[in-house]
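Next, two complexes with subunit A in common: one pairs it with subunit B, the other with subunit C.
For the complex of A and B:
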């Protein structure tokens, strides 16, 4: 963003396109809202001028250096204008521009508008064109340092990792983020993504991941992110939620007096799974009677907000009685 | 914290449970996530006591400020200040957010205004068939969805006739990828919003064909994550907005049985915040009023699917939503109404048209339970909004009229 602009986008040093000699040959095209505009925006004079000339360029399909500069002014005024970005890409291709410069520009735009779809998409197209993702891990790491859950940044990072096979150090990166914030669900999701795309869920991987996530659950037993990850992992094992080592862990936690809604809910689902497989185990933590009691505890004490849901799950459990 | 008037006072959910029990328990491990959560909870707690004072004087509290919201919407329909320039590529959306919100509030837009909105949206329609965010912009699936929904909400023949169905169909074909996904515009990004917007407008305007959506359901299913929700594209994190798009698209494709419905149900109900009553978009994120629709709006579809495959009729016997509809209404009415009209994301944020539309849409879902039991409406009975169809997010009667109109037009256009 060059120059200093006031709130209205007015700029002391700004020269309107209509006053620029080098643009005298191009006919600006005003916006055609029809005779009765609605949702009419009180555009600043600068905004109107830039977009009048952008429409002019678009109309005659001019793919030139000056048009490229104009699109830069336009996306800086409204980075959400996908038409301008798309047209800019057409110009870049047509002029066979040095894309390194464009990469620097879009990195600036990403820093300024980290939650904008268009800037990230533009970045992805450029990386594809260059067939070079060597800066992407660093860029996304920088953006995730500012907001560890930025969806666009994670999307871009996954795309780069998958497309250019950059899995090598990703688990370490995730480990660092989880050490910073054990509740960062995006980081847990990324862990699942990496395992799924690399080693997949071979038995020894399952064991290792279970040990890892259980150690994290011990630290924060009410953290839904780690419980969800646990569920995701055990579903790849033959015994599903009822995996004995996990049930033993839950048993111990429960007997220590822990009543985390995540723990109780895991046990209820494991009991339901057991019932659906037709295995009836009396007097165990996974019996239907125990599960009904847990549902009742959840509905009335530990997860009152979801009472309706727990009553429904109780109904599902009762179907398996007798 | 006496609840003198029973359920009619509202806030019963919070009052009946012990407020303190619902606070975030950091378990001695403070992190960025827990600190942000605690900040929101403290603000909610403060505002809750302010509300209790108000409720002592006004037995009908919390009240939906209909007139204030309508004044905000009417004003926005004519005039938007310069800082809306960042939404210059979303003007078709602005039309939808405003007209849909007005409809929910049961405001009859004068015929002349309806005509003006329809004429403006006609200007947004491109020669290639899609609608752009504003006049002269390229066609894009999101504003195309918004424009079609807005035109159906206007409900006039003039509005219906704006849509060039033949060209719209060509536009949809131009964005389809061989794996069944859709890019948002030519050369644009691909995510689950694309296929939802495409199948929604195709069904509404009666130009749907199986061939256009070959493989789409399978592609959507590949976006369901280990958490149960759906991500924007395969591998990413489950997210309320994308989960809604995925589920609604599956329903519109009649392929809802492909998804793991129990894990989707569990993920969705767990997105409701125990203290705030509103929904978060992702696990361990903050409450946001817009998810009142994206998450709660999924529930009628989820329960519909569960009822269909309900051999033991556990679901069939349930006549209310499986999320806490009173707590959600309380969140919206007590914490999301801006004092001068318009609704917000969460306390401390400023109003905008997007949040106004989606908090009201969510409120409508929460109020309109499968069977109208007494006490399903929090606060004044006059708070009741018109009902929406959750899959399209169009008011029910308006959807019926539009569907009838388009069903009489030929569907085989190519």
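For the complex of A and C:
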């Protein structure tokens, strides 16, 4: 795509609007930046020319084919300008344009400016107008292949899935992403989103998810995202963090010499939860004494930069000591 | 899989002290260069740009360098008949810029130039039945806009104009399993949006609705070995995220859960020794946005050369005191 938000002006095929005969009737409106006049600008003739004419059509509220073309030039030069997008939609409606063409255009714009709010919003409006989300999973998958954490792409995907009930193959899609990058927090979040909206947390779902996430934790024991997911899932089980199968897993990991801060912090929180339920177990991985020792290790060795947090948690644990 | 942490390295070539004078010059010069390409490209967020610059100047004790009358005149030209305020003259009104304008006018003690009833009406008109807010009459729902609306109305003393309970309810519905908040129900936790949600709960006095320990833990996990904070797991550290995380922790009464010295070192390393200003990461190009958040973060960390910043509003504390606002802050 030729438009970009970088400096323009050297484009040989470009004709300024001020030199176009078909625009001779429209009075351009220069940028007004408040009481002090803007200095004559040399930075980008093209940019200034396009926006002078855009302000011109806005002023006379012209909803025409040529104004539509002009907004295209304007958003290509500056996709963040929300006023131009809004005006473009007004023209599209007014002229009753073929929205399929516009869908292709906005897909191009999304590829060129994947982190821009306006391009994604424009897409969402068009999908709503068309009441057709058949391309959205593919489009977002393509954008996520380029940047697996693009927040706009995920938000759009969730919106399309939720609005048009497209949950069917989403878990498969997520598994593919997690196989590519086990630390993809967005994908873990999406997994929770799908389950929460479909099967919910029935006992067999909980078991299945725990088995899945533990298999992933085994591969990367310091992965904050998978541990957070585990915590999110066990909260739906009756035994919470103290779920025996999970504690056994942690026990084994700990005894194999693993000292990942995520593992230790899970054990500390499980011990705290246990103490809050009034159960005291001596000589176990979940005893208060052991948890205090772990906090100490974390504060002084494995997670020194969060010492303030570990000291706080030690204090919470001590409350339960008699 | 190798356990590579995404982070930056800070070395002795990076600045270690606050280059206050340079930043004053940087901000003062920024708006004067109207032929600058970047200046024209950012016209659509001019109002926020002015808020960043003016607030930064006040935190540095140099607000008097700025032409207040000119700023007020500009804002009054951006007020739409709907009561909404636009980013610049001739643009459509938007909640983001309405908040920025109100913040500026509070800072300058000039709210009287606003048609407060109209502005209030505009903000209230953007609330949806589920309590959420859109950014303008066309736009999408986002917890950012919930914060903008509530912050704006509280600064104007007009929170009574919206359904506060519903606004709170919507924000709580965006609470995630990991303790954080996203832009909409189910959206991934994100430090910037956490700031917005915690900020809204702070203004409305509902911070008890969150598990401060769980969220505080997630937030403190954002600190990387360089000392900088990221906005989501596995992302690079950034000065603006450092502010949003730190401000959220401050509201939760858990500022001390991050390692202050290393964070301060990271933020100072993001200063541009030649141009002045702060960039997102050491060595990048500075901008007013990261300059304000760099200064605000240093202020929260207790830097004595800067004025005190309020973590909820990202405005000078004395302004919040003058307005007699008491946003909630937890203590542990």
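We take it that the second predicted complex is superposed on the first by the 304 of 322 C-alpha atoms of A that agree within 3 Å, B and C clash if a C-alpha of one lies under 4 Å from a C-alpha of the other, contacts with A are read in each partner's own complex, and residues count from 1 in each chain.
By definition in this document, contacts are C-beta pairs under 8 Å (C-beta built on N, C-alpha and C of every residue); 3 or more make two chains touch, one makes a residue touch a chain.
The structure presented is a predicted model; accordingly, all values stated were derived computationally and were not measured.
Visitor: In the superposed model built on subunit A, check whether subunit B and subunit C fit or clash.
Guide: Partners clash after overlay.
Visitor: Thinking of the overlay built on chain A, is A:319 touched by subunit B (first), by subunit C (second), by both, or by neither?
Guide: Only subunit B is touched by A:319; subunit C is not.
Visitor: With the two complexes superposed on chain A, say which partner A:222 touches: subunit B (first), subunit C (second), both, or neither.
Guide: Both: A:222 reaches subunit B and subunit C.
Visitor: Which partner chains sit in contact with A:308 here, subunit B, subunit C, both or neither? Use first/second/both/neither.
Guide: both
Visitor: Contact-wise, after the overlay, does A:163 reach subunit B, subunit C, both or neither (first, second, both, neither)?
Guide: Neither: A:163 stays clear of subunit B and subunit C.
Visitor: Using the superposition on chain A described above, determine whether A:245 touches subunit B (first), subunit C (second), both, or neither.
Guide: neither
Visitor: On subunit A, what residues does subunit B touch that subunit C touches as well?
Guide: The overlap between the subunit B and subunit C interfaces on subunit A comprises residues 7, 29, 31-36, 38-44, 47, 55, 58, 78, 80-83, 86, 89, 117, 121, 124-125, 149, 151, 154-155, 158, 162, 182-186, 189, 192-193, 196-197, 219-220, 222, 224-225, 228-229, 231-232, 235, 265, 304-309, 312.
Visitor: Which of the residues in subunit A come into contact with subunit C in the complex?
Guide: It is residues 5, 7, 29, 31-36, 38-44, 47-48, 55, 58, 78, 80-83, 86, 89, 117, 121, 124-125, 149, 151, 154-155, 158-159, 162, 182-186, 189-190, 192-193, 196-197, 219-220, 222, 224-225, 228-229, 231-232, 235, 265, 304-309, 312 of subunit A that touch subunit C.
Visitor: Which of the residues in subunit B come into contact with subunit A in the complex?
Guide: On the subunit B side, the touching residues are 13, 17, 21-22, 25-27, 29, 31-34, 76-91, 94-95, 98, 113, 115-117, 119-120, 122-123, 132-138, 140, 184-189, 225-227, 232-233, 235-239, 265-266, 269-270, 272-274, 277, 282-285, 312, 314-315, 317-318, 320-324, 327.
Visitor: Which residues, counting only subunit C, touch subunit A once they are in their complex?
Guide: Touch residues, subunit C against subunit A: 1, 3, 34-37, 40-41, 43-46, 70, 73-74, 77, 86, 88-92, 94, 136, 138-140, 176-178, 182-184, 186-190, 216-218, 220-221, 223, 225, 227, 232-235, 254, 256-259, 262, 332.
Visitor: Along subunit A, where are the residues that touch subunit B in the complex?
Guide: 7-9, 29, 31-44, 47, 51, 55, 58, 77-83, 86, 89, 117, 120-121, 124-125, 148-149, 151, 154-155, 158, 162, 180-186, 189, 192-193, 196-197, 219-225, 228-229, 231-233, 235, 265, 269, 303-309, 312, 315-316, 318-319
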